[in-house]
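Each of the next two complexes has chain A plus one more chain, namely chain B in the first and chain C in the second.
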Partner chain A sequence: MLKRIIKKSVIAILTIYAIITISFLMVRFMPGDPLMHLVGQDRYYELLQDSPAELERIAQRYGLNDTLWDQYIHYMQSTVTLDFGIAYSNNQPVLDNVLYRAGWTLLLSVPTFIIGGLLGAVLGTIAGWKLGGTFDKVLTPVLLFLNTVPANCIGILFLVVFAFKLGWFPVNGMTSGGLSGLSKTADILWHGALPLTLLILFRTAGNFLLMKSNVSQIRDEEFITTAYSKGLSDNKVLFRHVVKNATLPFVTSLCMQLGGLLSGSMLIEVIFGWKGMGELFYSAVNTRDFPTAQLCFIISAVCIVAGNLLSDILIAAIDPRIKEGKFEY
Partner chain B sequence: MSTEKMAKRAGTKKTKMNAAMIWGAAIVGVFVLVAVLAPVLAPYDPYKMGIPYIKPSAEHLLGTNDVGQDLLSELIYGTRISLFIGIFTSIIVTVVSLTLSLLSGYYKGAIDKAVTAITNITMGLPDLALTILLIAYLNPGKLSVIISISLTAWTGTARILRSRVLQLCEMPFIKIEQAIGMNDFIIMIKHIVPNLKDIILSRAALSVSAAMMTEAGLSFLGLGDFGAKSWGTILHYAFYQNGVIRNYYWWYLPPILCTSLAVLGFMLLGYYGAQKAKLVKNA
Partner chain C sequence: MKKPIKQTLCMLLAVFMCLSMAACAGGTNNDGAGTSASPSAGESSAAPGEAKHVKNLIVGTSDQPATTSILSQTGSLGKFNYNSITYANLFYPDENNDMQPYFLKSYSISQDGKELEMTFPTTAVWHDGVPVTADDMVFTFQYMRDVMKSKALRNLSDIKVNGKDSITLVFSQPDAYFFVKNATLTVFVLPKHIWENVTDYAAYTGEDAAIGCGPYKLVKVDKDAGTMSFEAVPENAYLGELTVDSITLKSYSSQDSLLMALANGEIDVIYDYAAPISYTLLDVIANNKNIDSGESGYTGCNQVTFGMSKGPNTDHAFREAAVKSLDWKLLSQLSNGSYGEIPGSGILPSACPGYDASLWKMYQDTDEANKILDNAGYKDTDGDGFREMPDGTKFTYKVAAQYAQKKQELLNRIGEVLVSGLKNIGINAYFDQAALSSDEANKSMVTNNDYDMFIGYTTTGVATYRTAFWYFLNREVAGSGGMDWGNSYNNEELNKAYQSLMAAVNNDGYLKAVGDLQKLASKDLFGFAVSWEKCFFPYRTDKYQGFKNYPSIGVVHAETFYTITAK
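Moving on, here comes the complex of A and B:
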């Protein structure tokens, strides 16, 4: 058990290392001057015009004149010490910018994770338990459709109907400004209502399909027949045997969703002007602000790896088959 | 041999389509037809400019956009690009994951370890973010879009196929082939691949829908191929040139419907196809 956790942790660390290396190589081997990627396109041409000396100084700072290997060492050092440089958009450290935005993204994604997880589990259990019943027949196509449609498509429809036509919700942004305390919280909630609803819908749809297939599979297992033949009631079979077993794979996949907390809502953020990390990443890519885009990328990747690791550990902790080393996932 | 034939026969029986798959096939069929017949069906040249913001009328069935291009023609030609990128990506994804899974499932050992490691690393990458980074910094074009999407999209299929190949390799008919000294390559192509057919087809259909969804998102963000007009590109202009705010429904609604329908079509084929192949979605 402990051996397994250590092994998985080592693999996770190696994966993160590989990802950081990939993002280093990406800047150096992309078409175009790497310096341009590092300082941002607009800034690059501006400096090229006004002060090539400054540009040269930045090249020195990033060590672009050194050998690739020295650059790599330097890059790794600054990554480990969390020194990602200064963003040219507002002269703040890139790390501060990204972390500030990440907070706003979490404001959307944490409730999505919790509510979407619960709703998906409950609805999925009902549909899977009464497979082919009315509830299943009505809900499955609807949620399958929701799970299918691109986020930006439904996002725009929501925007048109609820913000423009009905005027119930603001079109854009996160706060109206000038408020404090409770009214500010309410205001943020009001601004976040549309993107949040959408994200919860999508997440519920995904989780629903997952839970439904888990439950419906377990329902047909032999030990369920045994449970019935012992004379257990429907409810007891459902809660003691079916739900308990169906929850295990569900929880592990929830852990994997934890990894997407920061990177999963980009399109929705862009459409609703929610200044979260996804939106920051998008605008960083658009303005060719590579350090910011790179940091967003690395942070999202670390989250995903951590989520996967967590699900690996959890599955080992709760599944006795793996605990005893009899069963390899 | 007879075991294999039986397995094969069972496989062909399973592919009989259910109602959902027929719907999916019908939707996909219509879109493919539109894509092929685009020059015949489109009433105007999608790039020809004219009077902007015309409402749907007899002359322009779906009206015109901000520079007066006929939206119906744009939509019809857009079918070509959206489908092309979706299907082409799916082909790459399927071929790559099939090759990797055959190698790792059949030869096991070091190759399997290496492939599994690569798969795990790729699964740790934030896929949409990586795709966007690549597209933004590579030279713009359809090919970059396809490569960038494929780069992270193959892992799911590869995992499923690998575990199936591992199972198949334990079956008697493969063991017998190996015992009589049949060439590895021939065993894989003639005996393993046919038994993976159902999974491959359903996963391929799902890959098309996933790729089309990613492409729709990318070109909506203005990151796709600038020259080509996919459905996402039409939506991009509708959103950023105030078509949505002014509620020019004929501008933003059709691309949304087309994207959703096409994705749904492939999804129905794949999802219910997977159920037929006794393959649960997240297995």
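Moving on, here comes the complex of A and C:
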């Protein structure tokens, strides 16, 4: 098993290296002149006309005129030392910007992961175990619907109905400003209620469908019939045999979701003006803020690779077939 | 699928559609401030016998907070500062776009246009308490010329100090009027004690970079809330009494949410520099009696430049036929719906200073266009459905559009309409999207004159002084201001007329040059405006009064903070 973990870890490291290189190339081939975003559009055109030398100086300062190879070497050195440079958008260190935004994203994604995971698992198990029952008939279409309709569509609908029309929630942002302590906490919860609810609904829907599918398949397996023939009760069959086996693919899915904790809610963040990682990535790409876009991309990718690695390790630990080397998962 | 599942899905769809209809229905739930669950917008205060001050004006913007430096034009503060907030502009444009002194008490331009004498107040203070002096004034112009490389000051040869409240700028060329007209947004006094040791002004992020001598001092930045708070500095009230005691600038993620926040009373007014609210969003506030749409004539426009160096465009008759083939009604509606107006042949919209209403307006007449082409010898001799050149050679006609990320869809649609019109009169036209989606392709196409029609746009900032004609100049004409999207039309008459505009030393000279340029555009048809538009900067009317809606600018400008009062 240790050999397997080492092998997977090496593959993960190589993948991350490839991702870092791809991110470097990707942002440099994006259309648009980053200088325009560095100095502002009006100023850019003024300098372009009146003082190209000044523009050149600014480009030099940000290394935009270096050869691609020189930029790559500098970039790799900086990445290793966690020096991701200064954000074009606000002249602040990129790492500071990203860490600040990551905190706000985690405020949405961690509860989503926990609540969505638990709800999806429990509801999916019930629906899968009592397949075709009333609970399944009512819940499956609802969650199938939520899982199918794009997040931005439902997001805008929620925004317009609950924030604008009904006025129950603020239309934008994370807090109203000028508050502190408990009142600020309450205000943040109020601002986060809509995006959080939506994210939990989406996550629950996905997890529900997966768990239901797993449970409903396993309950028809021959070893379940054998378990019943030994005289085990429904509950014992469910928890000892069905849930245990249905958990394997579910754990894989949860690990993948764990990888998306920092990047999985971009659309919702953009719609509700939640200044998290997703929104940062979105605006960095829009404004050609290379250093910020690169770090966002790297973090997202590394999280997903790490999630995959974790999944491999956990599955190997849980599944005796893999643990004993009898089955390559 | 089993029946109960079908029924449930149908019910879900019904609920979804009901929600959608509720979301799309006209009107808002809340047309009064303070009745929503959201925090209510600004409050007011008044002492007996005086105008009721606005205690806190809440301004919404879709720009996001970036830096707080007075020398940055990016982010929400960078744009908001165009209205003289933390810094004090020397001048500001009034309702008629005439330059009025703001920080200055007065100014005068010499007869030869080479000297600009300015007097300024001696009571103004920097936000750190240091008085503003003549030293700061001298430093400002030296810094702008030597460090910031301001074009308007490139011919500044001397700065004379006339006393503690007056200086004179001496130019080697007649640039004084040019300087004043260009100083609208970006020329303001700099504190010498802060910036004298800063050479990389764009990168400077020290806390003191926020210190200016504007009428409002930045007192708080709430990063979590995306807000900036400003408090009035009475010593720096340059246009009279400040009637707004404090301002909160709040950022929103999009114009949709801005409008919703306005309708819900979260904000009092919208300020989005050079980005008026799209007419497609007006339904959000359509039935709200407490909101004025802030409609005004837009000085900017989308425009088309003919590639004039080669092919059929070198023939005036061809250009005339081309413009008469176009569906002008559709073009005018593309970017502005029913508010769009078919443009005149002089290009500049009616909201621009010096607009000439006497010039003919664009119209579609396919028969006339066909006749013009037939008479000029452009005939379909090989029967393939497309006309050939008078000498019988075949040609294709490339329509392209400027790289503009935020306007890609609109420019794309304009391109398709142009191509459709041209095809109707037998011109083998096609829309090349390369420039539209890539800055590099854009530059290459224009540099090589590799287009027949090129769609671009003029922002209000350029329209204010340089005018849309700036974009029609040949970039190789020395001093013309021609840019990477410049025209291939190197015409002496056009160049001369534009140079007259740039060299104007007073309003009369400037307006005459604007008039001459419009007449030339109408006569030569080297390009045309796609449409003339209205713009919208909505604001609430239920709490405050005294807003002045300036064309293309809206109700937030330098005068706003001296004129609005609480009801």
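What we mean here is this: the second predicted complex is superposed on the first by the 284 of 329 C-alpha atoms of A that agree within 3 Å, B and C clash if a C-alpha of one lies under 4 Å from a C-alpha of the other, contacts with A are read in each partner's own complex, and residues count from 1 in each chain.
Here is the rule we use: a residue touches a chain if its C-beta (ideal position, glycine included) is under 8 Å from a C-beta of that chain, and two chains touch if they have at least 3 such contacts.
All values reported here derive from a predicted model rather than from experimental measurement.
In the superposition on chain A, A:N91 makes contact with chain C only, while chain B stays out of contact range. In the superposed model, A:D70 lies in contact with neither chain B nor chain C.
In the superposed pair of complexes, A:V160 makes contact with chain B and with chain C alike.
Legend: residue contacts after superposition of the two complexes on their common chain; A:D83 is shown touching neither chain B nor chain C. Legend: residue contacts after superposition of the two complexes on their common chain; A:E221 is shown touching neither chain B nor chain C. In the superposition on chain A, contact of A:V270 is made with both chain B and chain C. Judged by the touch definition given at the top, the superposed model places A:F145 against both chain B and chain C. Within the superposed three-chain model, A:E54 lies in touch with chain C and out of touch with chain B [touch as defined at top].
Taken together, the two complexes place residues 31-32, 37, 144-145, 149, 156-157, 159-160, 164-165, 171, 270-271, 286 of chain A in contact with chain B and also with chain C. Chain B makes touch with chain A in their complex at residues 117, 120-121, 123-126, 128-130, 132-134, 136-139, 209, 213, 216-217, 220-223, 232, 235, 239, 244-245, 247, 249, 252, 256, 259-260, 263-264, 267, 271, 280-282. Within the complex formed with chain A, the chain C residues making contact are 2, 4-5, 8-9, 12-13, 16, 19-20, 22-24, 28-30, 35-39, 64-67, 69, 72-75, 78, 148-151, 154, 185-186, 200, 202-203, 205, 222-227, 229, 248, 250-254, 257, 260-261, 263-264, 266, 284, 403, 405, 437-440, 461, 481, 483-484.
Listing the residues of chain A that touch chain C in their complex gives 31-33, 37-40, 42-43, 45-51, 53-54, 58, 61, 86, 89-92, 100, 132, 137-138, 140-142, 144-145, 149, 156-157, 159-161, 163-178, 188, 270-273, 275, 279, 283, 286.
By the touch rule above, chain A contacts chain B in their complex via residues 11-12, 15-16, 18-19, 22, 26, 30-32, 37, 144-145, 148-153, 156-157, 159-160, 164-165, 171, 209-210, 213, 217, 249, 253, 260, 263, 266-267, 270-271, 281-282, 285-286, 288, 293, 296-297, 300-301, 303-305, 308.
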